[in-house]
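Here come two complexes built around chain A, the first alongside chain B, the second alongside chain C.
This part shows the complex of A and B:
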C-alpha cells in the first residue's frame, strides 16, 4: 500500500512531440499559472519561515523592539540551559517508548484481527481500534485526565478493588511520564494498526501457501515470512511515528503542564514557552532548529540502520 | 481473548466519556462508573450551549476546517496536476523544494508564521489559521502521484479535438482525480478539526476559539464540578468525525497509508 505512493521514475518521459515554440511556451505559461497558488502559499508560509527561523536563531528579539544580532549566542546558551537539555532527553525517551509500544501493539492487534474468520468481526475490531484516532488529542487529554485522576479516577477505583488504588498517575514524575505514554499510545496505536493491517492483507498468497505446504506453523510463518515481507511498512511506521512523537505537545501541555516539576516538559513545550510566554523569539527559533536537526539525525540513523533489517521485494 | 481485552481498553474510555456526559454533574465522579446510560440526563448537552459558547466554538471549527479543506483541494489539485502533466522550465527544481519542506516539522516554522500572521494583521481571527494552511507540499505531492498514474493519451486526444489546456484538466483529469481529492479532504479534515497547537498560539479571545481549544479552556474554568458538561462537549466535537468516518471510511484508511509519507 505504502509503496504505491513512493516517488516513481519520471512519468513516461516520452520524447516530446515536435511542436512549435509557441505551443511549448503556451504550455509552460499554463504550468506556471497552475502552480502559482501553491508556490505562493507554500513559499510564504513554509519555505520562507524555514529560512526565517534559521535567521532568527542568530538574533535576540522580543517582537516589540528591534531584533539584535547576537551571532551564535542563542546556541551557546542552549548548551548550558539545563531545562532545555532535559527537555531533549525527555522528548527522545518518551518518543522511543511511545513508538516501540505503538509498533508492537499495532502489529499484535493486526495479526490477531487477521486471524478472525468472519469478515464482520474483523470490521468491528478494526473500527474499535480506529475510533480513538477520530477524537482530537485535546479531547483525549481531557477525558484521560479525569480517568487517571488519583482520588476520583476510574482507573484507580478499579485498581483499588485489587488492592493498589492510590497510584499517583499525574502527580509523580514517573507516573506522569507513564500516563503520557499510555494516553498517546492508546490514541495513536490505530495508526500503526491500520498501516500494518493493510500490509498484511496485501501479502502475496502464493508465498504463504507455499509456507503452509512446507509445514510452517503460524508463529514460524509470522516470524520468518510475514515480518520480513512487511518490514518496509514497519520501517515507515517507525520513521513517521518517531517524527510525530518527537513533536509531542498536546498531551503533556493539557494533562500535566509539563510537570510535576519538568518531568514531562517536551522540547516543543520549551519552544512554546520561550517564544510565546517569554517573548524570546530568537532563542525559541534556535531551539526549534536544534529540534529539526535532531529529527533529521534520528531519521537518518534509521535509514542507515534500515539497510540491514528492511527487506524490499 | 487478548483481542477482546484490547478492544475493551480501546473502547472503554470513550464509552465512559459518553455515559458520564449523560449523568448529572453531581453524580459524574461517583464510582463505580456507570457503563450503561440507564437514566440518561441530557441536561449537560443543553448546558454546553447555555453555560459556555460551544455553539460558537463549533461554528468557528466548521469555518476554519471547511475553508482549509476547500482551499487545499484547489491549490493542491492545480499544482499536483501541473507537476505531473505539464512541461515547464524549473519544474524539477520547484518540486524538489516542495519535497524538502515536507520534512520540516510545524514547530520549526511556527515562530516566523506567527510573525507573518501578526504583520498581516489577522491574529485572533479564523484567517490566522486558514491562510497559512491554504497551500500544502504534502497535498501537492499526493495529487501529483495520483495524476502520474493517469494515461497521457486522453489529454493529447482532447487537445487534438480542440480542447484548451484548462478544459483538458477540468473536464478529463480533474474528474478522474476525485478519489485522491476525497483522500486529501479527509486527511485535512482530521488534522485541522482536531488541531490544538496553532489555535492555542494564534487565537486570544474566547469568541474566536475552535472546539479543541475551547474545550480545554472550559475544563480549566469549570473545575471538576461540571466534568459531565465538559464531556458532553467532547462528545459533540467527536460526532462530525464519527459521521464522516461512517460514510467515508475508505478514504480515512487511504489517508493513513498515504499519510505515512508526510
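This part shows the complex of A and C:
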C-alpha cells in the first residue's frame, strides 16, 4: 500500500481552456501596461540619471559656466586624490562594521523575540525595534548629535554620574566613527530584525520538531538548522545592508560634517562636497560612478561567495 | 584641456540631453540629498523673486511686510520671497547656486561676503556702478551713513556689486554674571590675549562653565585669533579701481583714504607661521581647560549655551544682541568688547546686501527695490529684533539696544572706525575654502597638531585654486 501510495500517479492537471489569439494578445498588452509604469519610473529616475552621470563624468562643469569635455581627466585625478581614496577606505570600513553589527544584533533580537510565547509581546517588540526606521534619518542624526555632544549631551551626563569624564563622542576620530556606527545600526537594525523574524517564523515546523526529537538543544538548533535555513534571508540582508551602508551620508554629514579631519568623511559626502560645495560636478560624477562600480563589485563578490554559504531549499 | 579646442556644450543642452544631469549624481549615489526640483518657480513677468536665507515662515512674514513697499514702486508686481534653509552661509550659497543651475534664479538675492566674489567672478550678478552713478545724488545720504570699509568689502575688481545693508564684526561677548562670580573685571577696549587668558583661568574655576567657547567656521572662529595674530589664510591685497565711487560718494572722508576696488585674495598662506600659531593657541586653550572642543558651523548651540550661563566668553557680532535676548538673557547680563589684541588689534567682519542677477528681466525694478531695501525704514522690516547690525551708523542708537542690550552697543559700529577691520577671506573658491577649514580645524583640534592640519589645508587651497584655473 505504501508502495502504491508512493507511485500513485499524480492527478492529471486540467488542460487550460484554449483562448483566442486576440485574448492572449490583450492579456500581454495588459501585462506590459501593468509593468510600464515601473519600467518608466526606474528608467527615468534610475537608469537615465546614471547614464547622465556617466556622461557628466567626462566633463568639467561648475554648473555656472559651459561644460568642458575633459575625457578621462576626472578619473585620472581621482586615482591620485588622497582625500577621495581615503573616503573610500572609510566608507568600506564603516559599511562592514555596520552590516556585521546589524546582522548580529538583528539576528539576536529576532531569536530572543521569537522565544516569547505571547503573540502580543512579540508584536510589541517588533514594533519597538522597527520604529526607529520610520523616523527621518536627518532628524535622528540631529537628535543623536545633541545626545552625544561632549559638552552638554545626555550620554556624557549619565556617564559623569558614574564617574566617567567627558567622552569626545563626536570630536575624536575614533569616537566619531563609533558614534556614527552606533547611530546607524540603532536606526537600521529594525529592518534586519524584521527580515530575520519573518524568516524564522516561516521555518518548517516538522524539521524543528525532528531536531527536538533528536535531542538538539536551542543553540545547536540555531547553528545547525535555523541559520542554514534562513541563510538566503541573511544573504539578502547583507547585500541590501552593504549597499545602503556604502551610501552613508546623513549621519556623518549632520553629526560630524565628516570630521574630525576626514575621519568620518564618506564617499557620498565627498561627492556632495565636490559637486555642491566645490561646484565640480564632473568630478563628483566620476566619484559617484566609481562608487557605483565598487558597490557592484562588492555585491558581485557577495553573490559569488553565497554559492558556498547560502542554502536554498 | 585647452578650452579653445574643447567641445563646448551649453548648460541647457546638457540638461536637455542628460535628463537633468546633475540629478543623476544624486540618484546614482546621493540618495536622499537631492536639491533639485525645489520648485521655487523662478520669476515670471509679474513676479519679483527674492531669495532669503531662513525658514519659509519668516520669509512669508517678511514678504507680507515688504509687499506694500514694493507695490508703491509698481502695483503690477507680485513679490515672492523664497526661503532657502541652510546651516550656514556656505550651505545657503550652495543651494542658491543649485537654484541658478536648475534654471530658476531669483531676481535678487541676499548675498553675504562669503558669496560675493564667486557671484561676481562667474558673471551672475551685475555691477551696480551705472545705477549708483546715475542715482548718486539720491544715494549721498546713504553713503554718508555707511562706513567705507563695508562698501569696499562689496567691491570686486573695481566694481560695486552690492550696497551694504548689514554687517557683523567679530567682537567678544562676555557673561557679566559669570565675570562677577569669578571676580573678573569687564575687559577694556585695549585688552590683550594675556588679559583674555587671565580672565579665562578665573572663569574656568566656576563649576560647569567653559571660560571660552567657539564654533568652527570662517567668520568669528579661531580665524578671529588669526587676524589678531597678523595672519590670514590667503595673501591679502586689493584690486585697483573704485575711484569712481570714492571720489564722489566719499570725497573728503578720511575713512575712505586708501580704499580701492575690493579685496583681492591671493595665494594660500594657510600654513604660515602666524596662522599655525593661532590654531596652536586654540589647542593650548583646550589643553588648559579654557575651551572645549568646538562644534562645526551654525552657532545656535553656542548662543544657547551662552544664554544658559555655561560660557564666559564667545565671539559674536551685533546679531548676538537679539539672539541672546530671544534666548532669555536680560539686558545687563551680558556685554560686548572689541576682540582682544594679539600682535595687532584687528577684527574680521562680514557684510551683507542684495545682488541683482544678470538673468533678471527686471533689472531696473530690481535696482529700485535694492534702493528700497537700504532705506532706514526697511531695516527693521527685514531684520526685526537686533538680529544683525545695520550698515547705517544712524541706526546704531541707544534706543535700539535699550531692550536687548548690551550696555556697550557702540562697540558694534565703532569696530569699523576704532579698530583695524578686514572682511573674512572669501575668494571665488570660498566653498572649497570653507569645506577645508571645517575639516582641517577639527583635525587639528582632535590630533593636537595644528601644523600638519594646516599643511593639509594649504594643499587643499592650492588644489582648489589649480582646479579653478
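Methods note: the second predicted complex is superposed on the first by the 267 of 313 C-alpha atoms of A that agree within 3 Å, B and C clash if a C-alpha of one lies under 4 Å from a C-alpha of the other, contacts with A are read in each partner's own complex, and residues count from 1 in each chain.
Note that a residue touches a chain if its C-beta (ideal position, glycine included) is under 8 Å from a C-beta of that chain, and two chains touch if they have at least 3 such contacts.
It should be emphasised that the depicted structure is a prediction, and the values quoted were computed from it without experimental measurement.
In the overlay built on the shared chain, the residue A:69 is in contact with chain C alone; chain B does not reach it.
When the shared chain is aligned, chain B comes close enough to touch A:296, but chain C does not. Touched residues of chain A, counted separately for chain B and chain C, are more numerous for B.
With both structures placed on the common chain, the touch criterion links A:258 to chain C but leaves chain B unconnected.
Shared-chain residue A:150: touches chain C; no touch with chain B.
Of the two partner chains placed around the shared chain by superposition, chain B and chain C are both touched by A:48.
Contacts of A:38 after superposition on the shared chain: chain B is touched, whereas chain C is not.
In the superposed model, A:279 makes contact with chain C only, not with chain B.
In the superposed model, A:159 makes contact with neither chain B nor chain C. In the superposition on chain A, A:132 makes contact with chain B only, while chain C stays out of contact range.
Shared contact residues of chain A with chain B and chain C: 44-46, 48-50, 52-53, 56, 63, 137, 152, 247, 249-250, 253, 268, 271-272, 275-276, 281, 284-285, 288-289, 291-292. Only residues 1, 3, 6-11, 14, 17-33, 35, 90, 94, 97-98, 100-101, 122, 124, 210, 213, 292-293, 295-297, 301, 305, 310, 429, 431-432, 434-435, 438-440, 442-443, 445-447, 453, 464, 467 of chain C touch chain A when the two sit together in their complex. Those residues of chain A whose C-beta lies close enough to touch chain B in the complex are 1-2, 5-6, 8, 11-12, 14, 16, 24, 26-32, 34-35, 37-50, 52-53, 56, 63, 105, 108-109, 112-113, 116, 125, 128-147, 152, 154, 157, 186, 189-191, 194-195, 198, 236-237, 240, 243, 246-247, 249-250, 253-254, 268, 271-272, 275-276, 281, 284-285, 288-289, 291-292, 295-296, 299. Residues 44-46, 48-56, 59, 61-71, 73, 137, 149-152, 168, 171-173, 247, 249-250, 253, 256-263, 265, 267-268, 271-273, 275-281, 284-285, 288-289, 291-292 of chain A touch chain C in their complex. Every residue of chain B that touches chain A in the complex is listed here, in rising order: 2-3, 6-7, 9-11, 13-14, 16-17, 20, 29, 31-33, 74-76, 78-79, 81-84, 86-89, 91, 94, 97-98, 101, 103-116, 118, 131-137, 140, 142, 145, 148, 152, 165-166, 169, 190, 193-197, 200-201, 211-213, 215-216, 219, 224, 227, 230-231, 234, 237-238, 241-242, 245, 252-253, 256-262.
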